[in-house]
Structure formats: C-alpha cells, structure tokens
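Data first, discussion second: the structure below is written as structure tokens.
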Amino acid sequence: MDVLTGWWDDFFWGSIVILQVFLVALVMMVLFGLIGAAAKLSNSRIAQKLASAYTVIFRGTPELLVLLLIYYGSAIFLTNLFQLFDPSIKFVDIPPFWAGSFSIALIVGSYAAETFRGAFLGVDPGQIEAARALGISNFNTFIYVRIPEMWRLALPAFGNHMLSLIKDTALISIIGLNETMYAAEQAAGTTSKPFTMFIVAGCIYLGFSTVITLSVMLLEKRANKHLVGSR
Amino acid sequence: MSFEFSLIIDSIPKMLAGIGITLELLLLSMVIGTILAIFILLMRISNRWYLCWPAMSFIYIFRGTPILIQIFIIYYGFPQFEFIRESIFWPMLREPYGCAVLALTINNAAYVSEIFRGGVNGVDRGYLEAGAALGLSIRQRFIYITAPIAIRLSIPAYSNDVIGLMKATALASTITLLDMMGIARTIVAEYYAPYEIFISLAIIYLIMTWIIQNAFGLLEKRMSRHIRQ
Amino acid sequence: MINSVTSSEPIIRLKDVDKFFGGFQALKKINLNVEKGERIVVCGPSGSGKSTMIRCINRLEQHNAGHIIVNGHELTDQVKDIDAVRREVGMVFQSFNLFPHLSIIDNLMLAPKLVRKTPKPKAREQAMSMLERVRIPEQADKYPSQLSGGQQQRVAIARSLCMNPEIMLFDEPTSALDPEMINEVLEVMTDLAKEGMTMICVTHEMGFARSVADAVIFMDEGEIVERNTPEEFFNNPKSDRTKLFLSQILAH
C-alpha cells in the first residue's frame, strides 16, 4: 500500500467528482426520461416520433461516441458562435464536467424514457377508476394513486439506470475530467504500478455500485411492503 | 459552421476499414463470453457454496465496475507483473487486440450469465414437476426442459446485451486499437470535424444495431411460433 | 428390495406421514393403503392437503415424518428409490404441464427415450398407440398451445401412460377445463379404471367418484377424516365434516 502514499487525496477528490457528476446527471436523466415518456404517451404524432427517435439513437450508438460528439461538437459550435461577436476568440468549450454529465444523462435518459412509459402504462386502470369512482379528483388521483404505483413499478429498472450512470462516469476521464479514472491514470503513469492504481479505481466504483444496489433494495422493500405475504 | 459532405464521403470508407475489427471484437467476445456464461450460470445455480460463491463474486465484480477500468486493468495493469509477462498468455496480453477481446468477453459473460439465469428462473415449475414425475433425472430435466425454454425466454434480453456489447467494442479505441471508433478519432484529430465524422459513424452503428435487433427478432419469432402468448 | 408385489401387500402405503411447510403442518399423521388395481377418489375443501398428499407419493414433496412405501420402494433421500418410484407412477396435473417447446408426439416420446432408453421407432409407435387410446392421434404433430384444454389434458394422460406406469395419480385433472371438455377427459380416465389401473384421483367430479371409485377419501385440515365406499360416502357419511362438505358441493 506504500505506493499509494501521496495518491490517496487524488482518489478521494476523484470520488467526490464522480459523485457530483452522478448527482447532476441523475437529475438530468430523470428529466430527459420524463420528457421522453411524456412525449411517447402524448397524442401528438410528432412528439411520439421524436421520442422514439431519441430512444433508437441513444440505444444504438456507443456511449463514447455520444460523449465525444457532444464535447467536441459543442466546442466547435460555441467557438463559431462566439467568433460571430468577437473574432479574436480562439476557442470556447463546455467544461468536461458539464459536457460529460449532460452526455451520460442523455444516454441513460433514453432508457429511462422507456421505463417511465412502461410504469405509467403498467398501473392497473382499475385502481385509477376506483379512485375516480370514490370522487377523488384527477389531480389527487395522479399524486396519490398513480405516482406511488409508478414508482413501485419503475424502481428495479431505475436502479439499473443509476448503475449505468455511475459506471458511465468513468468515460468522462477520456475528455479530461479529473475524476477517479483520471487520478488512476496519472498515478499509474508516475508510479509504474498501473495494476494497483486501476484496481483502486475499480474498488471505488464497486463501492458506489454497492451503495446504489443496496439503496434500491431498501427502497423496493419499502415500496412493496404492502404486498408482503400476498401471492 | 458548415457541414462538409466531401469529408463525410471521404471518411466513411476509411472508417469502414475498421468494421472488420469491430465485428471481430463483437463476435469473439459474444461467442466466447456466451460459452463462459453457461459455465458461470451452472456454478451460480448450483447448491454447492464453493461453486456458487465464486460465480456470484465474478458477476458482482464485473457488473459493478465500468468496463473501461476492466480494459485498462488488463492492458495497462497486467504487465506490472513479471509472471504475466513470462506466461504463455503474454503474446495475447501484450496486444491491445487480445486485451480488448479478453475484457469484453469476461464482462459479457457476467451479464449473459445473469440473463440466462433470468430465463431459467422464468421456466414454469410445472414443466419441471411434470418432467420429474415422468422419471427424468435432474440433469435430463435441465437439458431437455429448462434449457430450451430458458433460451427462448432469454432472447430479448440477450439481443439487448449484444447491442450493448457492440457499443462497448468502441472502448477498444482507448487502448490504441483502430476499430471504427479508433479510426474516427484519428480523423477527427486530424481534420477537427467532429460533427461530420462522428455523426456518420453513429449512423453506421445504428445500422448495425438495426440488423442485430431484427436478426434476433426473427429468431425469437421462429422459436416461439408454436407458443401462444 | 421387493419388486413384484404380492396381493396381500398394498402397492402404496402411507404410514403416519407428516408434512410441514415451515411452521405450517399440511399433513397430519396420514395413513393410507392402496391395493393394486384399486381406484381411490380424494376430495375435501381447498387447502386440506389433497395435492400435498399425492405429491408426496412420487416425492414432488418430501414428507417430514412417517413412511411412504410405493411398489416396494420406501421413499427416502435415496435417489435410486425416487427414480424407481417415479418411473412406475404417472401423474396428471391440473394445469396439464405439457412441454411447450415439443410437439405432442415428442412430448410423449421424451421420457421413454431418456428414462427407458426405448429406441426411437419403438417409442413413436407406442406414443401413437397411446394417442389413439386417448382418441387424438390426428394431433400428433401439433404443439400443445394449438390444442384445446381437454385435448391437452388427454395428451398429458397419454404422456404418463407411455411410461407404462403401475399407478396413476391425478390432481384435479378437470378443474382447469371448460365444462364442455370435462367429459372427454373423464371418459379417458374411466377407460383406464376399467382396464385395472391403480389410480388415486383428487377430484370433485362426484359422478366419476360414484361410478368408478372403489373408495372415496375425505380430507380436511391435513387429516384423512373418512374413507368409505362411494355409496356409503354419499348416502351415509360418517362424519359431520363430510356431511357439511357434501352439502356444500352438491348444492352447486
């Protein structure tokens, strides 16, 4: 473990960056997923087409390709844009943190859109009708009946989406974000102990995955507690 | 900002020169990974702890970490050890190609074994009881009843897995391999035209996805032709 | 091990059999003797342990105490005895359980080929004759999902018969069927009974019980409450629980 002396803080800050990316991307992912699901469920043909294009494109394109396209593409776009106003500007880009978070959220959001759509349709219509029949307003039915039931149905797949997000954060080191993978690469380069360094990075990711898996299990247990004992 | 079509026309054939490597990575790790997955599955569902636990740990570790790290550990990490450099595997592990195949294979095996386990768990217990009542041994029940039904149940998830694997082959470009992604990255570095190159490449990958999806769709339809929903 | 059974020795013997599911006792000190060629109908309210009892006889469930001896083999953890018993005991399930990926003829040929090592042409010939016996030879090359429920259940019976069993167990074979299909299955079962097959049938088809059974057993809460001839059972039940049960099902 001596070789790690001096690198611990790099790994620590790297992990913090992973966590930040994860949280930012999680919020965006839910947003993209909900928008996608709403579009798929809407009556507008155009919205439906756009949403299914969204799913098809991001399911079939390598994550790395999406990331590089968004990072370099946005840089070119912004540089061109800024040069319209001030031709002396040489180069503008989005920080890797934001380009990366946005990219992985966009990718995983395309899967989440399907999950949310499925959960919405999976709610037993009988429950909704029962609530209406009891005179509960549409709004309250949505909040108190549909949302909790959707949550329960979507949780397992949603847990997988969170795992995808956390693992995809590793890609962002490729565009230069100072996270754990990046720390491991630096450490590997200077110490000639690459195996040790990447194993440490791997363990950190395994730790994050474990926490997510356990949290989802707990949440599932809570969401399903009314079903215990029934068959 | 302009979209240079001539660049696209020029670069598509260049990128397609790498499709061989992409497909090789995909097919090798799909086939070897699936075979490996069957062994892991058999260990995972066995009642013996010394078979079950290693399989569970394997699955947990390789599904719980990014594949990029797995590739780096194998390509950059393994040469740290003298005994690996002196082993008979060194000619393979020295090459980025061998490392990419190894990483993708192992990673894929972990996922596929869980997909197959889902299929096995999805087989209605009644069929197995009928098999038992007819006097079939545990092994015969697994081979003649569980396996064929589980395989059919696994096809949709397996198809998604193959698409995921195809996307993962692009990571081989991070260890200097010139698959389609690797070639695209060198062209982009040279001409600085990310839009043109990357979008064209995305379209190539989308076509491949479409083909994979439809192939498995046909297979599933064929295999379930006698089975009413 | 005794393989041929003398006439005095019952072909199935359950002695003080207990069965627990966790803390719940599903069978309580069950004693049951079945002679070769005897036809027994088992009835009783839902959850009374009927399925559990007959599933113990071919060890789809493991009993926790007591002895079960079938055709000379005591059922223990010995795989050899379990296999020997299962070869000689056919079972028909409520939900048919035909293998969905195999055609009808392959469903029938699978076990003879694998367990009895019957050569393929012989197995096919035998399978066809069994299909004729259950009156659907024309369906041989179809798949289970293409058949009606009554046809599927008849195939399931034929599948068991292909193993030439000494004993047949039926667990509510007609209760998943539409009413118009019940008779075609009962007819096949009646034929079997007439041929002298040893049978235990869990069923609520009282007409079948009256015309075919040598004895009717009534179970409740994991116990055998009453065993009687069909006439006595229906006309003159001994226990109050039987009377109550009969009044409920005959009211339908």
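The chains carry the letters A, B and C, assigned in the order they are written, with residues numbered from 1 in each.
In the analysis below, contacts are C-beta pairs under 8 Å (C-beta built on N, C-alpha and C of every residue); 3 or more make two chains touch, one makes a residue touch a chain.
What you see is a predicted model, and the numbers here were worked out from it, not measured in a lab.
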Chain contact graph, described as a line, ring, star, complete graph or other shape: line
Chain at the geometric heart of the assembly (C-alpha centres): B
Pair of chains ranked first by number of touching C-beta pairs: A-B
Distance from chain C to chain B - Cα centre to Cα centre, in angstrom: 47
Whole-Å separation of chain centres (CA-atom averages), chain A against chain B: 22
CA centroid of chain A to CA centroid of chain C, Å: 55
Interface hub residues of chain B, defined as touching at least two other chains: none
Complex interface listing, chain A residues touching chain B: 56-57, 59-66, 68-69, 72-73, 76-77, 80, 163, 167-171, 173-174, 181, 184-185, 188, 192-199, 201-202, 205-206, 209-210, 213
In the complex, chain B residues that touch chain A: 1, 60-61, 63-70, 72-73, 76-81, 163, 166-171, 173-174, 181, 184-185, 188, 192, 194-195, 198-199, 201-202, 205-206, 208-210
Chain B to chain C touching residues, read off their complex: 124, 126-127, 129-137, 140, 144-145, 148-149, 152, 226-228
Chain B-facing residues of chain C, complex: 58, 60, 83, 86-87, 89-91, 93, 95, 97-101, 103, 110-111, 114-115, 143-146, 156, 159-160, 163
